[in-house]
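The following pair of complexes shares a single chain, chain A, combined with chain B in the former and chain C in the latter.
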Partner chain A sequence: MTTSSITPYRSGRKPGRDGFAQLLRSEWTKFRTVRGWLYALIAAPLLAALATLAIVGAANPTRNPGAQNPGPTGPNGEAVTDQFEFAHQPLTGNGSITVAVTSLTGSFVAPPGGLPPAGWVQHSLGQGLQPWTKAGIIIKDGTKPGAAYAAVMVTGGHGVRMQYDYTHDIAGQGGSPPAAAPAWLRLTRSGDTIAGYDSADGTHWTRIGTAALAGLPSTVQAGMFATSPGADLTTQGFASNNGGQFSTLGTAAIGHVSRQGGWTASAWTASQVGLLTKANGPPGVHCGTGCVRAGSKPAPGAGFTAHGDTYTVSGSGDIAPYVPILDPLGLSFKGTLVGLIAVIALGAMFITAEFRRGMMIRTTFVASPRRGRVLAAKALVIGSVTFVAGLAGAAVAFVAGGHKLTQSGWSAAVFPAWPLLSAHGLQMVVGTAGLFALAAVLAVAAGATLRRSAGAIAAVIGVIIVPLILATLLPMGPAQWLLRLTPAAAFSVQQGTQFYPQVSHACLPYNGCYPLSPWNGFAVLAVWAVLALGGAIYLARRRDA
Partner chain B sequence: MSPALQDERAVPRHPAAQDRAAARSALGATWAGLPDALHAEWTKLRTVSSTAWLLLVAIVVTIATGAITSSVVKCPGSCGADPAKISLTGVMLGQATIAVLAVLVMTSEYSTGMIRATLTAVPRRTTVLAAKAAVLTAVVLVAGTIAVLGSVLAGELLLPGNGFTAAHGFGPLTLVHGPVLRAAAGSVLYFWLIAMLGLGIAAAVRESGVATTLVLGLLYVLPIIGSLILNPHWERRFQRYSPMDAGLAIQATRNLGKLPIGPWEGLGVLACWAAAAMLAGWGLLRWRDA
Partner chain C sequence: MEATIEVSGLRKRFGPTLALDGMSFTVQPGQITGFVGPNGAGKSTTMRVVLGLDAADEGSALIGGQPYHRLRHPLSHVGSLLDASALQPGRTARNHLLWLAHSQGIGASRVDEVIAEAGLGKAVRRKAGGFSLGMRQRLGIAAAMLGDPPVLMLDEPFNGLDPEGIVWMRGYLASLAGQGRAVLVSSHLMSELQDTADHLVVAGRGQAIADTSVAELLAAASADRVTLRTAARAEATTVLAHAGATVTASDRDTLTIAGLPTERIVAVLAEGGVPFSEVSAHRATLEEAYMELTRDAVEFRAEPAEEITR
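Take a look at the complex of A and B:
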């Protein structure tokens, strides 16, 4: 018997390598062949969607005064705030108006409950001038609140702006006017298009932008305006909120008024646009937990006076989209936490099971000695499957939840049911799926580091979910830092409220408002996941298996 | 080894009266096995390094969180706050570690296969569970007392500097004051009940990952969901009946009339959760194969 003559069969192909694709395949096989994990993967999105719908179902619009639209609706059907002092004349056909705003000042309107205590005032700009106190010129489809408009204005803290139809805001060149250097503003109507300009000297003009106001009638009201939003000085204390909203008055001195085109009248008519809104409480007084932003009452002192060629306009309110305090869809989306903890458990057990079941990890590391790649493959597999699961659960929760909110009586003007493929829908749904995936990766990293599922799960829940509880409990400052630094920052992708840079709002964690913008918050979690995985890979290389 | 004992091991247990009678006669007196079981459980608990680590982490996390909270909450701004609650905020975090310890006391035996040796040595499963509960109670009460005393001490030192003084209507935060003593002692009992909740759930599900997820889900996710429901009726229900919210009512020392649930009633609700979990764990442990 000549053993040497027997040549074992060799495939013509190159020998198999421990390529990353093979690693992914082996990890995927490990995942899909454990029945309990598959059940958990199916249960997680189901539970997330069911819990969200249950919370939406329990959210009762009749018990929440903020569920109704307190003000008018804008040209696109959205809820808006439209209150200002308006000195106007009819303008028929094309034409333009040019003014110079020489000063803009602000003051608090003494409310029935007294002026805000000194400690709160320092939060806002100056002694009543708000960052978005605004005055300038405006062309508007009549004086009805909610009508289409375009305006150029100076603001308390954001320089010269052109704004139109409530949601649009474009920055101009000029800064907020110091008394010495007036801000020159110009609006020009040409058909349905209104162009806004600003200038530092009245001769060199820069166009800020144009607004196409479809269906603008031939005769519009145009002129000077001033308004100033309420100062929202609500803060969060330990397990309590305090502060409130205080009305402010913005006063502008305007001169060098010149008009060209179809101006027919010679005198200015002063009107208070948007007198009283359906306010849900007395405006400007102390307003505690669960208080709904009240429409600001036109302040005493608002008005329009002419001194020869110069005019003084004082007004209170705002011309802006309405931003509600309540966020029923975003709050209900926290129901996905039920699915999230299942995903965290899944991620942790996906790795800790290797350390337990017959020392599987040794086989794994013998088969693929490059341990960093093993962990990366594990993270990729668990991240992908939980992303898909999260996407399914969040999409169902988003569509059904939004529909149910409108159906049960939450005002669609204030709480619109966003389409799934809108930017907002994608933010909430894809963001939640990404949150699931990154939480699972974080759990894999914690599991590889601690090697015990109980400890890993508790650690990940401790950094992702517990900060949410502490943030509703702690005072404003520490609460916001928790939501900036811990992985809980990523829950900002679940915010259902559309915020606008041109509307200030008190951002209370208690109300489900996050200090970081959605994708910045998400990036915080991503950094945590990457660092944790890096640490786990480092330890896996250094330690015995 | 008597035939009855062998029978106990070989045959799956059913709640049959003769089976229990046989076991009892084989073991002699009803409680004969308990001291030995206690000794065994104590040996198992103290010789695992994770026990000491988890207890240490529980103490450090509780005191550190309490001290940090006590140093950031200031009276102009949070004068409506309850100093006892502020100083004991850390209990909310420390409980997670206690729950993990309680879960591991039970489930680590299943993941290593140790449970078979345990049940062979002490076939009466009630005794096994009682012994585990007893040693867990002992270590949790000791660690809980240290954690709570440390937290109250930190609050006592830090809070007056933050404006929680007599000038703003706050008395000193000392255990001499009846409600503060109740809040502190109640917080230790809270830790203990969390341990029993964890032990019961772990005995029922036998898998450490699943048990931890269930316990922490009950503790942390239920109150979050409750606080988000835009319906005062349901919000109150969650505050009254979710284990953490109800149990932590024991820490309240001010405005007791406005609480969703009274201090002792709240702790009672948590005790019901813990008792239900222990009952389920005991029943499943008794009627199921190991």
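Take a look at the complex of A and C:
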């Protein structure tokens, strides 16, 4: 039909390359050549930092009793709770103590006016024994609250533990609570080092761990102890908090006491360590309507009695780091939401702009027919730039916000201004940057799926920010599930309070507490982002462009 | 690799509409192939299928023997222009070419070459959102030329061009074909392709209803017809129709007659005493040939949807 004498054209040019690196470069060129997007990228972290600082500025410590340390300070300057019944003797130089705890029980200390008569509170109270009711043996630098210590103990729900200097907690072999067989415990002091052991039979011993208590004096106080933290029933109702904290008493029966080394006394002295009276202690810390922190009064029933060579020790309180109810820096970090919304809009626009006006996406897919790689490159580019932006914004918010909190009078023992490069600083700053990046990736995926910016932005805000708001309004159960299942779980990286597994606390979303640990919560968002991007790639491959 | 486009038996349904119904044609190197047909004939859909944007329900579309998605660095195999307004308005024209070049590992120097070839000049530093349609067409041509491809596929490139632009575009496309490239240019107006195309694919109802050279098409359309110039149109029509001819009035004093040889027409008119001033073999214009071919397609379009999806 046609003449075949024509020589088909052959280009003299070397063909280019079309690898993933070229795609990344192409998407980066797309991003950097739209001025509005660059402005948004600069504005997002700026707004995030400014809004955070504005909230910090409004957090007035003088109007908030929780801003000060209500109790003693531990060996590392941190706020601690240190309140227990202590039957002790001086120990000079090296030595050891061995006991067998034969039982551990708990009961409620009725507050003035008695326990609530019925309803969910009574139901939730159950028996008085708390998971962290604890009794055993302890070696401590005197009886002053906040002094260094090492202890091995039986607990109400966590088996045998060795704990020292408030923040350290190591699990032992024994179960909890000792039912038939007694739990054998031993502490051995050698210089500054204290080793803890447990045994099921008093013959075969397992070392749980060792504590190096620097600067421990030659003479320390050592002996038996019991204590039991309050049952915290504070919970979140619909747009309200209710419940309260109820003091409990832990009672242990201890026998087979044997001592070796530098023990000089023959009789036990009983002390209620950390007993706060109206005269010497700070007032009870208000922790919400109807909630008074336990321990401002001596617990009725606490004490120490001897029956031949067995002893009964009863105490109320806790030996643990103090966990503040408030989280001023973490809550102030909600200011980053302003930047997050900008980042979500940016991520959505980055892809939906290609679906407007003659479908530029066709040019993109004609140049790069492997659509999955195109979306992956787009997600990687927007994720990277928003990560850097988030990092800058969160670093400024974190450093300046922490500084401002301390300056304005928030106690450093309770709300430490963490260094930027500490685990906590990295969690909040890198975590927030990651939150920005993954939210932008989610927005790209939503934009590729819905092809409209309004729909994509609404969808991403709907799954990230709306659950966060709902979690402060809904009752505890649904609120916590929202923060476990939706991408809002990732806001846990902005949690400014250090929580400890050995301290029970009421985790109210209203107060900025998240049911998942920071990086687990972050992983929830990461799973969402990966699934959404996978879905978007699947659709992009199947649909006509 | 050969510089060809081979489309064979493409079928594509969008909901109740059968957009392509066995579209088949071949585009050869070294010539401009016009792809013409009324709106909705399936030209753009065919191009999207060739470029791997839309998946055909049946049939195949190959570039130099390969399906599009198998091409490595595709812009160096096919240059295409689908919609000149497919631009981010806030990005400058040069940056638009730059991201496209970067996706293939093509350097900025080639970007500047195609800018010069397309005659965009200093305008490339301006935001593409402010471009006229004619400037966007030139930008689209520049984008298509980035990979220096042996095959070009352009959808309605003459749209929005001013007369000077049309002349430039014709010359540029002719020079590309002259280099041995296969150039497929679509249009819904035959007049745009009249002096441009060497070969024509006429689309209608989702099929290629003609795949022929321009010369053959004209000859076929002109065949066996005679133009008669007469002042007595009515009488001429009567006697000729009576003699078995098909008579069409094409002007105030001109008739087009089919079905009778010229000698017989002259004899019939002489017998009937009908005066006439000129009898000549009919020379069809490309436009007429096209109208003739696509009349069915256009009429068919007006029928109910059930008929179309048959």
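Quick notes on this structure:
Rule of thumb we're sticking to: the second predicted complex is superposed on the first by the 494 of 545 C-alpha atoms of A that agree within 3 Å, B and C clash if a C-alpha of one lies under 4 Å from a C-alpha of the other, contacts with A are read in each partner's own complex, and residues count from 1 in each chain.
In this text, contacts are C-beta pairs under 8 Å (C-beta built on N, C-alpha and C of every residue); 3 or more make two chains touch, one makes a residue touch a chain.
What you see is a predicted model; the values in this text were computed from it and never measured.
Within the superposed three-chain model, A:I42 lies out of touch with both chain B and chain C [touch as defined at top]. In the superposition on chain A, A:A342 makes contact with chain B only, while chain C stays out of contact range. Once the two complexes are laid over each other on the shared chain, residue contacts for A:L539 go to neither chain B nor chain C. In the overlay built on the shared chain, the residue A:A458 is in contact with chain B alone; chain C does not reach it.
Once the two complexes are laid over each other on the shared chain, residue contacts for A:T33 go to chain C alone; chain B is not touched. By the touch criterion defined above, A:A523 reaches neither chain B nor chain C.
Contacts of A:A412 after superposition: neither chain B nor chain C is touched. Residue ranges of chain C in contact with chain A, taken from their complex: 2-4, 28-31, 48, 51-55, 68-69, 71-76, 80, 82-92, 95-96, 98-106, 110, 143, 147-150, 179-182, 199, 211-213. Against chain A, in their complex, chain B makes its touches with residues 50, 69, 72-74, 76-82, 85-86, 89, 92-93, 96-97, 99-100, 103-104, 107, 111, 208-213, 216-217, 220-221, 223-225, 227-234.
Chain A contributes residues 51, 55, 58-60, 63-64, 119, 235, 237-240, 242, 326, 328, 331-332, 334-335, 337-338, 341-342, 344-345, 348-349, 352, 356, 452-455, 457-458, 461-462, 465-466, 468-470, 472-475, 477-478, 512 to its touches with chain B in the complex.
By the touch rule above, chain A contacts chain C in their complex via residues 1-3, 6-13, 15-19, 22-23, 25-27, 29-30, 33-36, 353-354, 357-360, 362-370, 544-545.
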